[in-house]
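In what follows, structures are represented as structure tokens.
Same chain, two partners: chain A is paired with chain B first, then with chain C.
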Partner chain A sequence: MSVAAHTTPSGYLLPSIHSAPPFFTKQINPTTRSIADDHWARIILGYARHRRLFTLRVEDAETSGNDWDEIFRNERINRRLLPDHLASLISSMVTNNLAVYEPPKQTRSVLLYWRRPEEWADVLHSWVASTGQMNTIMTFYEITDPPVESPLSSLPIVILRKAIDVLSKSGRAQIIAIADGEGVRFFPGGSKI
Partner chain B sequence: MALRRYTRSVDGTIPVQALLYDDEELVAVQDSVGIYDGSQKSPEHQSGTIHLSTHRLFYIDSQQEATQSFALDLAYVTQTDHYGGLFSSSPKATLYLTAPSSSDNLGLGTITTAVPAFESWECEVCAYRNPPGLSPSAARICSLCGVPRSAVPAPEPRATSLPSSPPVSGTTTPVSHDPTMSIACPACTFLNHPSLSVCEICSTPLPRVKHSSERSFSAKSAPASRPRSPDDETVPRMIKISFRKGGDKAFYSALKRSLKGKAWENNERGTPSERHATTRSGINGILRVVESSAQNRENDLQDSLQDLEALMNKAKEMVRLAADLNEKLTASASSGPSASPLNTSINSDSSALVPVTEPEEATFIRSSLAQLGLQMANTPVTLDMMKDDRKWFDELARELAGILQGSSRSGNGSTGTGLLGERGILPLDEVWGGWNRARGVALIPPSTFLQVIPLLSSYTDPPIRRRTFASGLSVLHTPPFTDAAFAARLSGLLALSGPKTTIEVAQEEKMAVGLATEMIDAVEQGGYICRDDAQAKISGSSGGGAELRWWANIFEGYSWDGQSDISQA
Partner chain C sequence: MVVRNRSALSATLTNSPYIQSLKPPMHRLGGVGIGAFERHEQSKRSFAELSNALSQAQVDHLHSQLNQFRTALTHFASTHRDTIKNDPAFRRAFQQMCLSIGVDPLAGPRKGGWWAELLGLGDWQYELGVQIVDVCISTRERNGGIIELKELVRLVSKLRGVDAGVVTEDDVVRSIKTLQPLGAGYQVVELNGTKMVRSVVKELDRDQAVVLGLAHEAGGRIVVDILVVRLGWTRERSQAALDNMLLRDGLCWIDEQDEESGVSYWIPSGMQWDE
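So, the complex of A and B:
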């Protein structure tokens, strides 16, 4: 068995534990299982950040050929993550506030919080400041799909909204209803990064 | 001549009880009798035993029982006479025989068809399969519904004859029942079977037009076609039983009783059975018969259980007697120095204590006791040996310890391995079963067993303790099989030789797979190991039983060596 760390084709460095077959089995012992779950959550979030993936579905473990193949399947030791194992991982991540069910009221797919909404708020505010768009009204679309690639590109609206909520609470942003939907205006001030 | 004509030879080596019909009973027995054929002595039948049953007389010859024994149907006896004896002449009973002329065929038919009478047959009214073994007359009616058998077997085996085949004339004794002869009930007009006396539907008595002709079982049979021997009329048809050693009076009166009882006659006839017959026919009768047979079976069962209980009591006395005897022997033989202060049966291993100079009789008695399995060394501790419960449990624990570990029990170090043997762990049920098997008598109930177990550790070396797994399975184990010791051993094994399946672990530890599963589960609960389920295989999980491999806990103490989270700002 190979116990060394491994770098995936996409350049993500998998920890050595990912090459141990027991890692792919749902452990019965609660202590052991919580350790394994923590490691899984770390791998999932790290990989999601690496690939800028925001959603994770239980189906991702059922089929091959999707974005998550590199971590959910380990051909070198002939192991894969079983869907029900992934489902339990997801639920433990939601419990630990590392993800949120999206859409709500189901447990098959989640939005991953590889940045917490507060962190996203800071990222958003500094991006707005750095691009000189303070005090202008922007649509959500302008934020998530800017002409120049940004840290916020393709950010799901749900997370964006949460980030704006955080900013508006500290007085750094304001939601404004505009003709065809909603817009947001950012203000400098408050706590600076 | 009379003898040969009316008797049937039987195999006297078979006990008479086995020759009887199911509905026949043995009434009297007399030995040292001789038989006269007519007025002359029958030379081959001069010393034997005569048995009287409700149906027959059996003569069992004392010398040539296989060939010279015979049976005589009491149905042929018309008259009897008793002769008290005079001087050297022994008392005799004379039996005048007649073949009842009207039912001559019946009689001879019975003789010749004796074998078919012993086969089972199916009643054509109620389809009840009548068992074999009834007397010929009883076999003529269905024992469940009481309807006469329609076709009595022909002399030749009637394996192929249909139940509804018309009666063959000659030796058959049919109750003819053409369908047209059914008796219409005067009340409800239901066409009843001719042999019923009351209507099957409404229980109205039926007109018995056909009854008189039915009574003689030869209504349709042809006149006797068998040629009679010329001396039939001249020779007096009688046999005498000569009682050489008395007993004649009692036997004669029993004979009279049997003759009067006429048990061989179909009990559908006769005055007292008229009412009986009505209850025996129809649905009601069937129900009653079934009920009474169930009752009989229950009675039999109860009787046998009582017998068993009585036997148990006797056995207990026997054991006590043996114990007393052995105690006395031991006391007299060993003059005391080697006797241990604890005079309980456990450690007073008799063979070890008794010196070689034991008297011969004592040795003999002891060896016969041993043959009976009543050796004192085997005698289990029972409650009545002990003064109080506390001591009783202590002794039981001592005994169980001996059984488990063997060595302490077998006195002078003989190679007796106990129940535990080489294993260090045993399920509780196996221990309990093994203990009771070793005790043989005075078995220990599980409740007592459970009370004894906590005391066990102080009598065993190394101490044996009880352990209950999460599943509820309880075991007795030696120290190497405590959870901690086993976990350490298992982790060591896994670290040394890589992942193992449960079966491999069981082989390594020489224990049952089920037990190993329990043990490993307990270790996993403790977090020393983790599992790798082959179900998570990408390929090659060929449907079979999902293989589970055990790994040393790789998660414990693992430090992250993957991509650092801070790599991206």
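So, the complex of A and C:
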């Protein structure tokens, strides 16, 4: 059979391996399995970035009609990703630092790192600089839900915190207690990590 | 009829009628006495000299023929160099001609062979070899190191950015032979009439070879039932062959969502990958 790349209705280009029937089965041979896992991780993170999705749950493979249908189901070959397969993919992504369990201490739901916290830190810092908000105290809400859509819109607070941590370590940000919780102030400091 | 002078003997010998008349007198003059011994030695030396002269003439003749051949070949190579490189049909005809006169265009005393140097064909062939290695290695993770020759040609052509037919299966097979000294185990094997290129040093057992062949007929998919029906194998043997390929050698992928059989096995090298 011939397997080819496919563009989903949302415009995401799936690699040809996504049209290979055995790709939707958890492979037994360890070498083959790690190859398949790598491909899946790439597809999942790529799609998450394409659609700005941050959370992935094992349930997403159980039912249809969610954000992940386009990649967890391939109607053209009548295959779908099964929940226990997704669970194992999720755990291998966590092992490889491509995702983190959120909330912690469970294994059914993860936050996806389609950008590493360090990369988010750079994005955050340059956004603050370009919008002229250096040295002002901002709430987390002002960052993740700005009036004008930004690269940080709808960023989960957990990831935002990690990004701020990275900036704090290089003296480019400081968490400040304010009346209704926490705020953050950014400093120019060009030094990169 | 006694010739005492050596150079005179040579001169006499070249006039062939005397050659016959030389030996009998020697015998007639008898094998006794020191004089007879000297005469005998002398004529022996003269014969040796004559034979040297004759073979020297032959060698010279061969040399001049070879030189002529070489000149003609150089001329041919320089005239048709571009055609040989660019036209697959002409290249094939040329290589067949080489084969029929027992000359390997890539072999020779010098690196790459003097003929290959003249043609620049050596570089072409080695370049193709590098691209073959490239394709084999980059597809190895999904096909376990076995690729169909046709697929390899297709991917190499794509890599070169040339149309189908510019690089032929023939060229690829030839290049793979040039890779042999590298000891990387590149080999062309034939399974059920399909030529496959194996890029891993891995012995396929007989059952696996047959399974690969069958899978290729079916576009890569293989199930136990097909082996039982088509080959008359027992279920156990069929299962064992597939398990070996799957678990031990990683040559195939398992599909547990097969509509017909529940479980099927896929040989990636039997599938056509468009990327």
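Please note the rule applied: the second predicted complex is superposed on the first by the 188 of 193 C-alpha atoms of A that agree within 3 Å, B and C clash if a C-alpha of one lies under 4 Å from a C-alpha of the other, contacts with A are read in each partner's own complex, and residues count from 1 in each chain.
Please note the rule applied: a residue touches a chain if its C-beta (ideal position, glycine included) is under 8 Å from a C-beta of that chain, and two chains touch if they have at least 3 such contacts.
Only a predicted model underlies this, so the values are computations on that prediction, with no experimental measurement involved.
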Practice task
After lining both complexes up on chain A, report clash or fit for chain B versus chain C.
Solution key: clash
Practice task
Using the superposition on chain A described above, determine whether A:Leu13 touches chain B (first), chain C (second), both, or neither.
Solution key: first
Problem - Partner chain(s) touched by A:Pro21 [first = chain B, second = chain C, both, neither] - result: both
Exercise for the section: Quick one: classify A:Ile43 as touching chain B (first), chain C (second), both or neither. Expected result: first
Exercise for the section: Figure out whether A:Glu75 sits in contact with chain B (first) or chain C (second), or with both, or with neither. Expected result: first
Handout entry: chain B versus chain C, judged by how many residues of chain A each one touches
Key = B
Handout entry: Which superposed partner A:Ile157 touches (first chain B, second chain C, both, neither)
Key = neither
Problem - Partner chain in contact with A:Ile178 - chain B first, chain C second, else both or neither - result: neither
Practice task
Tell me which stretch of chain C runs into chain B once the two are superposed: 20-28, 74-82, 110-118 or 236-244.
Solution key: 236-244
Practice task
Indicate the residue numbers of chain A shared between its chain B interface and its chain C interface, in ascending order.
Solution key: 5, 15-17, 20-25, 27-29, 31-32, 35-36, 78-80
Fill in the blank from the handout: The residues of chain C that touch chain A in their complex are 141-142, 219-221, 246-247, 250, 253-259, 264-266, 268, 271-275
Completion exercise
Seen from chain A, its contact residues with chain C in the complex are 1-5, 15-17, 20-25, 27-29, 31-32, 35-36, 78-80
Practice task
Enumerate the contact residues on chain B facing chain A in the complex.
Solution key: 499, 524-527, 530-533, 535-540, 549, 551, 553-556, 558, 560-563, 565, 568
Exercise for the section: Within their complex, state which residues of chain A touch chain B. Expected result: 5, 12-18, 20-29, 31-32, 35-36, 39, 42-43, 45-46, 49-50, 73, 75, 78-82, 85
